[in-house]
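First chain written, first letter: the chains are A, B, C, D and E, and each begins at residue 1.
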Amino acid sequence: MGKDIREDIAWAQINKDVLKSLESPRRMYWIILFIAIAMIGVAVGSEVYQYQTGMGVSNKNNSHVWGLYIATFIFWIGMSHSGTLLSAILHLMHADWRKPIYRFAEAMTTFSLMTAGLFVLVHLGRLWMVYYVMPYPNERWVWPNFQSPLVWDMFAIATYLSSSVLFLYVGMIPDLAICRDNIHAGWRKKLYTVMSLGWEGTDRQWRNFRITYLTIACFLIPLAVSVHSIVASDFAMSNMPGWHVTSFPPYFVAGALYSGCAAIITLFIILRYVFKFEEYMTLPIMKKLVRLTFAIAMVWTYLNLIEFASVWYGHDQTAKDQLIFKATGPYAPFFWAMIFFGSILPLMLAFKRFQTHLPILFVVSILLNVGMWLERWMIIAPSFAHGHYPWTWDHDQWPSLVQWGIVFGSFGWFTLLFMVFCKVFPSVSMYEVKEMVYHRSLALKHKPAVKGDY
Amino acid sequence: MSITNLLENWSDFRQQHPSDDRPHREYKWAMSIDLDSCTGCNACSVACYAENNLPVVGKEKFAHGHSHHWIRIERYWDNDGREFADQGAQFLPMLCQHCESAPCETVCPVGATNHTADGLNSQVYNRCVGSRYCNANCPYKARYFNWYDYPTTDNVWPEPMNQQLNPDVTVRGKGVMEKCTFCVQRLTVAKSNARSAGRSVLDGEVQTACQQVCPTGAISFGNLVDPLAKVGKQWMKQQVELNKDKQAKDAEEKAAKLRGYRILEGLRTYPSVMYLEQLRESAI
Amino acid sequence: MIENSFNRRGFLKVLGWGGATVALSGCGNTSVEDGKEFVTSYVQTADYIIPSIGTYFNSTCAQCDAGCGIMGRVREGRVLKLEGNPKSSINNGKMCGLGQAGVQAHYNPDRIREPLLRNGDKGEAITWEKALGLINEKVGGVKAENIAFLTGGISGHVKALLKNYLDALGSGHHYVYEAVAPSIMRAANKKAYGTEMPRLRLDKAKVIVSFGADFLGAWISPVHFSQQYARFRKADNGERGVLVQVESKMTLTGANADRWLAIRPGTEGILALGLINALAAAGLSVPEDVAAVVREYTTDRVSKDTGVSTEHIGRLVALLKERSPSLVIAGSAAEGYAHGSQNATAIALLNQVLGNVGKTVEAPSSIPFPQMAPATGNRFALQSLNDNMAQDKVKVLFSYGVNPVFTAPASMKLKENLKKVPFKVVFAHYMDETALEADLVLPLNSALEDWATVMPEYVAEGAQLNIQQPLMEKLYPGTLGVGDILLALLKQRRPDEYKGYEDFYSYLRSAMVSNKGALGGSATDDDTFWDATLSHGVVKLAGTPVNMSGNPSAKGLVVPGPFTEDSAYPFHLIPAVSASLRDGRNANEPWLQESPDPLTTIVWDSWVEMHPKTAAKLGVVEGDIVEVASKSGAIKAQVYVFTGIHPDVISVPLGNGHEALGRYAKGVGVNAFKILDSVFDKETGELAMHETRVKVSKAGQRVVIVKDEGPAGGNQMGRKIAVRMSSNKVNLSEEV
Amino acid sequence: MSMLSRRQSNCLLGELLTMYCFLRFSILLVGLIFSAGSYAVNAAQPLTTADDLGPKVEQPIEFPHDRHAGDAAKGGMQINCMYCHTYARRSIVAGIPPLQKCIGCHQNIESVRETPRIKKLFEYWEAKKAVPWKKVHDLPDFVRFNHERHIQRFVFAQNKPVQEACGYCHGDVKTMTVARRQKPLSMGWCVSCHQKDHPVDATSTKTTHGPNDCWQCHK
Amino acid sequence: MSQRHLLALFNDFDEAVAAIAELRGANIKGFDIDDLILKSPIEHPEVEKVLGDKPVNVQWFTLIGACMGGLLAFFLVASAQANFFSQIKGGKPIVPLPPDFVLTYEMFILGGVFITILGFLICAGLPAKRSPLYSAKVSEDQIGILVQGDESAVAIFKTIFTKHKALEIQEEAGK
C-alpha cells in the first residue's frame, strides 16, 4: 500500500495548492456549474408549475400519496451521513487518512441536508402553510402534533443541519485564518476576516478548539444515527405493510452510510480532477475509502436480508405479500436492480485492481448511488401500490415529469452549492493535512512518539 | 401556569382512548352497515357528493386516482375460478371508519386530524399542510387529497353549479386532505338543537346523508352511548365491542350466528363502523 | 323539517336569491376580512325562513318516470340538495343517485337560456312572443293531421293541457315514446292478468325468480322496489327471502341474487315452461291445457336449450315448491326479443301456476282522472312517427321530453326523416341531438323551477298525484315551464276559455282546488287545501282495484326454441340499461358520470362486457378496443372482462355516446342504440332491444380502463373485508 | 513557591472569572429558557380583553346603532339587540332583519321620515330590493360560529344582559353608528375564552369550559 | 512598568519547544511563563505540554447546554400537549412519553452543540481582534512564541530566541 500522502510535502506548498483551488479550477468546473444551474432551472420550473396547479401534476394519487419526493428526501438525508462518518466517527477512531477528504464530506453533509429539506417543502400540498409545523407560540393557540414522526423529522433535521453547519464551520476556522492571511483584497478578504473570527492559532485557541471539535464529534454520531432512525420511523411507525419493520432504523442508517460513502468516492474523483488535488486526494486514501464502502455495503446487504427474513418468517401475511409483490410485481425490475447495484456490484470493490482504478470507481460509485436511490424508491412505491386494502391497490404508479424534473434538479442544486463551496472555501483541510504530514514525517524519522500522539 | 397544570393533571394526560374505564360521556357516533341489504346502487355516494361539496374530477383525473368519493362502493367477487359469478357480487360501502385509535391522527404533523369528544375522527381542512401522512397510514385508504384546486383553477363548479354548494361545508382548496365526516355539520345542528331543548340527541333525529338516502336502509347511524339507539342495539346484539380487537365472533364457535364484524380489526384501529356480513341462501 | 304554509309563488318573488352569496373555497383565506362580503338579507320574509337553516319543500323527482317524492333543501333562496319525501309511498323518504342528481340538471351550465330559432346552422335568440307567434303561424298553416306531438311518458295536468291543445288544433297526433320501457311486458301482462302493470309485492314473497328484471337498478321504480327488497330480505318473521335471477348479463339485481343463473339469451320462456313442467311433476296442480303445452319441456331439454344446469333447475323447483308465496318477474332481458311477448307470457303463466296472483302479484287501482293518467311510452310510437315522417305526413313536429335522434337505432334513419319535416319545435333543457335538428328550440324550466302534477304509473297502493313545485326562483328569466308554454299556445287557439289563467300556476291551482273533493280536501277551504297539498307534495287518490285474472291458461302460447347460430354475427348484443344513465337524457349530470357503474366500476365511458371465455376466444384482454358490428352499424369501445355474463353475449351500456347535450356528456363513450337491428316483437311490433346479433373484432388499440377498482380487481386477497356467510347459520329475527 | 502560588491564583482567578461569566450566563439562560417555555405554552396567549379595531366598513346606509340601541340618556331607544338581530337565538347567524322590519317601525315615525338615510331606506323598499349590507364580522369560510349556542348559554341560561353578552365579541355597539369590529376574533381569542370555566347557569356553582374539539368551530 | 511584547517565529518545532523550556527555566524577572502564548499552524498538544497544565472548561458548557436543551424540550412539548386543548390522538395518551423522549433527545443534542460552540467562543476568546504581533507565517508553517514581559526581559528573550534559531523576532510595545 502506497503512502496516504507524501510526508515531505512542504507546508507552504500545501497552502499554495489548496488556496489555488479557490482561484483557478479547471474548465470542467465551470461546465459543471453551468450544468448544475440548468438543472436547477428545470426543478424550479417544475416546482412553480406544481405549486400553481396542485400536487396532482406529480402523478400521485389517493392510495399512492408519496412518491419520488420522499424517496429522494431519504436519499439526500442518507447522503448526509457520510460527512459525519468521515469527520466524526473516523476522527474519534484516530484514522488520520480522513484528513484530506473530510472537509468536502462535511460540506456534502450540509448541502445534502439542505437539499433534503427542500424536498419536504416540495412534497407538501400546501407549502405556504409550512410554518404550521413549527412549534412556536402563536395567536391560534395551536401546536404541532409532537407525536408525528414528521415533526420529529423537523426537529432532527433542524438539529442535524445546524449542528453540522457549526461543525463544518468550527473545523474550518483555522483554514479560514490561512485564507485571510494569504488573500489580500476583495470581498473574499472581508469574508475570511469576518469568518475566521480573529483566529491566531494560539495555544488557548487550539486547546479549546480540540475539545470542542471532539465534543461536537461525539454529539454528531448519535445525532446522525438518530436522524436516520427518525426518518426510518416515518415508515416504521406507520402500519403500512413493508414499512412496519422493526429493523428499519439500523437498516436506514447502514443505507445512509453506504450511499454517503459512494457519493464521497464520486466527489473525490471529481474534486481531484477539477481542483488538481492529486497530491492530497491520493489513491491510497481512495483505497481505504473503497474498502470502507465495501464493508458498509456488506453490512447493508446483511440488514437487507435480515429485513426480508424477518418478514418472510414473520406471521404478517400482508407484509409477506408486499415482499413478494416487490420481487415479482411491476416493480420487480427496479427491485432487482437495487439488489444488483446495492449488493452484487460492490463485490467488485473487494478486488484490489478496482480499488484504485478511478474511471471504474467513478462509474461504480454512481451506480451504487443509483442502487441506493432505488432502495428508497422501493420502500415508498411498492408499499403504496400494495397496501392493506386491495381495493385501493393502484397500477404501478409512474411519476410524472414534474416529479422527475424536481428530483433531477435537486442534483443540480446540490452540485451548485457544493461546487460554489469548494470554490469559496478550502475543500481540503490545510491545517489537518499539515498535521498529517507532520506526524507522518515524525514517524518516518523514528522519533519516539510524543505521548498522546495520534 | 402550564407546568403546574402538567404536573397536577398528569394522570389525566396519561389517559387514552379507547379504554373501558373512561367511556365516552354523551355521544359516541357510530355506524353499522348491513351488507346483506346493500345492493350497491351508489345512492349513498351521490348523496355524499351533494351534501359535502365533493368535486367531480372528470375522467382524466379519475384515471389517475384523484377521485373524491368519501363513501365508495367496492364490489368484490368470490367466484374463485368458477365459470360464473353465480352468487352475485359483494358490495361494500367504504367510508372513513372513524377509528377510536386512528392511525391517521398520530402521524399528522400539524394536528389537523384529531379525535373529538363525540368519537369522531375530525379533519380540519384549514390546518392541513398536505403532508399526506394520514392517508399513507390509513389502512382503509378512506382519505382523499385535493390534488388540484377544484373550486378555482379546475372550475369544477362552473356558474351556476356553484350555487348548489352546501354552505355548511367548506369547499376545499388544493393541497388539503379530506374525508368522511359522518356529516358533522348535521350532527352539530342536531346537538345544538338538543341542547337548546335541554336534552340529548334522540335516535333518528340526525341522519347522515348516506343513511338518509339508502333505499334499502342498509346504513344505521347513531349514538352508541344511547341505550335506545338502533345502532347501539345492533352492536350489542352482534357482540361487537368498540374497545376490543377480537370479538366474540372471532373467538368461539357458538358465536357463528353473529354476523357483525369490523374491517381489518387486527390492526387495532378500533373502527366505529360495524359491518354485517352478507348472506347467501344455501338451498339454491 | 319545517312545514310550508306560505304562498309559494309569492314567497319566491319576495325572497329572491340576489343577496345570497356562494361560499367558495374555504381554505385560502385565513384571517378575518371585514367588509368584503355582503350579508344575505331579505326584503320580506316568512317566519319560518331563518338564515343558515335549510327549509324543505316537497316536490316530485323528474329524473325518471318512477315519480318519487322529493324534498328540496332550500337555503337563502337556493336549492342545495334533494332528499326523499317521507310522505310519498313510492320512495318513503329514500332516493337514488339519479334522483339526487336532479339538482345538477337544474344548475347545469349547459342549459338553454332563451328561445332559439334556426338560422342556417346556428340558433338565433328570439323572444318568447316571437317564438309563440311563429308556432301559431306554422300550425295554422297546415292540416291538423299533419301536426305531430312527440313526448315521453307524460301525465297529470300537463297531459290534460296537451290533450286540450291537440283538440284545439283539431287533434293532431300524440306519440308517446320511451326508448327504454317495459312495453312488451305490459302487453303480455295485459293479456295474462288483464292489467298492464300489476303491483308486485316483493316484500311478501319468500322466493323471487326474476327473469332479467333489474328492479334494484333501473326497472320501473327502483327505489320503491329496493325498499320492498329490504323487507323481503329481512322479513319480520325472520325468514330471509331468496332471490334467484335468471339472465344473460348480470344486472345490479343479479349481483344481489342468492343464485345468478346465466341463461342463453332469449330462452327465458323455455325455462319458465320447463319450471312449470317440473313443478307439475313435483306435484303442483297445473291446469290440464297448460300441462299439455309444457309437457315437452323436460328438464333435460330445457337444460340443453337454456344452458341452465339440471341441478339448478331441480333446486329452483324444490325451492318454489317449498316456499310460497313466490314471485316471478319478467324483466327487460326476457322481453327484448322477437318472441319477447311469448317469453313474458310464459313467465306470467309461471306466476299464475304458482298461485302468486293475488298474493304477490296484486291488482293496481284504477285511476280516477283518466285525462291525467300516465301515458306510458313505447318504442312503437317512434316507429309510427318515423313512418309518417318518411311519407311526408308530418309538417309540424313538436317534441318534448325525448331525444329520439339519440335513442333511435341508425337503421330507422330517423335523422334523415326528420329533415323532411318543415317545422320542428323542440322543448328542451339542453341542446341535445334532437334540439340540434329543430327549427325552433324552446328552453324549459328545470324540474326544480316548474309547476306540474305527476301521476306515476307504479304506486304500491291506490293512486297518487304528485305535485311538482318550484323550489327556487328561476335561474334564467328566459326559460318557461312546459305547462306555461302549452297554456300560451292554448290561449292562441281558445282565448276565451283560458284567458282567466295568468299562467300555468293559476291554472293548476284552480284545477286542483275546483276538484278538491275528489282530491281528498272536501272539508277544507281552498287555501288550506292548496297549502296542505303543496306541503305534502302528494295527494292520495282513492281508486278501486281493477280486476285481475289468476287463471293460468296456455292459450296462444308459443315459445320458440333457442336461436340458431349465426356464424357471421356470433354474439348477442345486450344493451344494458344503467341505473344512473338510463336512456341517456341525464348524461350531462357529472355526478352520474362519475358514479361508478356498480358492477364494472367504470366511469365516464362505455365498455363492452364479455365473459373471460369469450375474451379468450377473441384474443382480447381488458382495455382492448374492439369493434362491435351489427348489420346496422358498428361502434368501438373498450373491453371489460368479467364472469357475470353468458359467453354467447356481449353487453354495451346505454346512455353515453352523445354528440351534443353538454360539456359533461359530449364525446363520452359510444351510443349502443345506434347499432340495434330493426327486429320487432312479433305481437306488439315493439323494437326488440336484445335481438341484435353482432360480431366483435379487435381494433388494435389498448387503453387503461378508467374505473374505481384497482389491479386487484374484485379480489380481497384473503383479507377479511367483505364477508359472506350462509344464511342458514343466522336467525335474522333475532337481530335488531 | 511564591511564583507558583501566584500562577495558581492567577489561574484560579481566571478560572473563577470564567466560571462566573459562565454561571451568570447560564443563570440567564435558564431564566430565558424557562420563561420562554412557559410563555410559549401559557402566557403568550392573547389577552381576552385586547381590542383589535377592524377597518371601517362603508355601508349603503349608515345605520346608527347608537340611536337604536344606545342608552336613553344619550338619546338612544334602548332597543334590545335581538329585536332586530332576531335570528341570533335560533340560528348560527345573527342575521340582518328583513327590510320589512325597518319599514314596519319607520313608516310610523314621521319625525325622521325625510332624513336622507330614511329616504334611502324607503327607496330600497319601494324597489323591493334588499339593502346590500356588508359583513362587518366576516369570519373565514372554514369557521362555524354559532350565535344560537352562545346566546342560549349566556343570555338564557346564565342570565347575562343581552348587551353584555353580545358586546363581549361585538364591542359596545350601542355607542357606535356603523358597527365596527372591536375584537380580534382570532382563533386564540376564541380559545382563550373556551378554556375558561364559566358557570353553567345563573344559579348553580357548577362550571364548565367551552367545547374543545376542532370540529366545534371548524367545518 | 511598561510591558513589552515579542513574537518570535521558528521553523523547527523542536527548537521552539526548547526555547519555551529555556524561558521557563530561566526564571526571568518581569516575565510570567503563563503569559507566553504559542501560535502554531497545527494543533500541538505535545508543544502545549511544556506550557504547563492549562484546564479547558468547554465541557461544562456542554453539560449544562445538553441538560437545558433536553429539559426545555420535554417541558415545552409536554406542556404544549397538555395545554393545547387536550386533543386526543389515535388512542394515545395526551402526553405520550415515547415520542416526547425522541424530541427530548434531539433537543438535548441541539442544546449540547449550541452551548458547546458558545462555550468554545467564550473560552477561546473568540471572536477577537488579532494582536498586532501576528505573522501570516504562523498559519503557514512556522511556530510563533509571543511573550510578554518587562522591558528588562526583552534582551533575555531575544537571546534565547536567537539561540534557538528564531527566523524572525517582532517587537512591539505593550499597552
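Following the convention adopted for this analysis, a residue touches a chain if its C-beta (ideal position, glycine included) is under 8 Å from a C-beta of that chain, and two chains touch if they have at least 3 such contacts.
Fair warning: this is a prediction, and the values are worked out from it, not measured in the lab.
S.K.: Just tell me the minimum hop count from chain A to chain B, counting one hop per pair of touching chains.
M.R.: 1
S.K.: Please list the single chain whose C-alpha centre lies closest to the global protein C-alpha centre.
M.R.: Chain nearest the centroid of all protein C-alpha atoms: B.
S.K.: Using only Cα atoms to place each chain's centre, name the chain farthest from chain B.
M.R.: Of all chains, E has its centre farthest from that of chain B.
S.K.: Specify the chain pair with the maximum number of C-beta contact pairs.
M.R.: Result of the pairwise contact count: B-C comes out on top.
S.K.: Farthest chain from chain C, comparing Cα centres?
M.R.: E
S.K.: Centre to centre, by mean C-alpha position, how many angstrom separate chain A and chain E?
M.R.: Measuring from centre to centre gives 30 Å for this pair.
S.K.: Taking the mean of the C-alpha atoms as each chain's centre, how many Å separate chain A from chain D?
M.R.: Computed value for the inter-centroid distance: 51 Å.
S.K.: If you average the CA atoms of chain B and of chain C, how far apart do the two points sit, in angstrom?
M.R.: One centre to the other, that is 32 Å.
S.K.: Averaged over CA atoms, how far is the centre of chain B from the centre of chain E? Could you give it in whole Å?
M.R.: 62
S.K.: Which parts of chain C, given as residue numbers and ranges, touch two or more other chains?
M.R.: 23-27, 30, 52, 704, 709, 715-716, 719, 721
S.K.: Using the touch definition from the top, which residues of chain D touch two or more other chains?
M.R.: Within chain D, residues 37-38, 40-42, 90, 140-142, 184, 186, 191, 212-214, 219 contact more than one other chain.
S.K.: Can you list the residues of chain E that touch 2 or more other chains?
M.R.: In chain E, residues 54, 75-76, 79-81, 83-87, 89, 92, 119, 123 touch at least two other chains, as defined above.
S.K.: What residues on chain A touch chain B, complex-wise?
M.R.: Contact set of chain A toward chain B: 52-56, 59-66, 123-127, 129-130, 132-133, 142-145, 147-151, 154, 234, 237-240, 384, 387-389, 391-392, 394.
S.K.: Touching residues of chain D toward chain C in the complex: what are they?
M.R.: For this pair, the touching residues of chain D are 54-55, 57-58, 87, 90-93, 95-100, 124-125, 128-142, 181, 184-186, 219.
S.K.: Which part of chain A faces chain C closely enough to touch in the complex?
M.R.: 63, 126, 317-318, 321, 388-395
S.K.: Would you tell me which residues of chain C are touching chain D in their complex?
M.R.: 14, 16, 18-19, 23-27, 29-45, 50-53
S.K.: Which residues of chain E touch chain B in their complex?
M.R.: 75, 78-79, 81-84, 86-95
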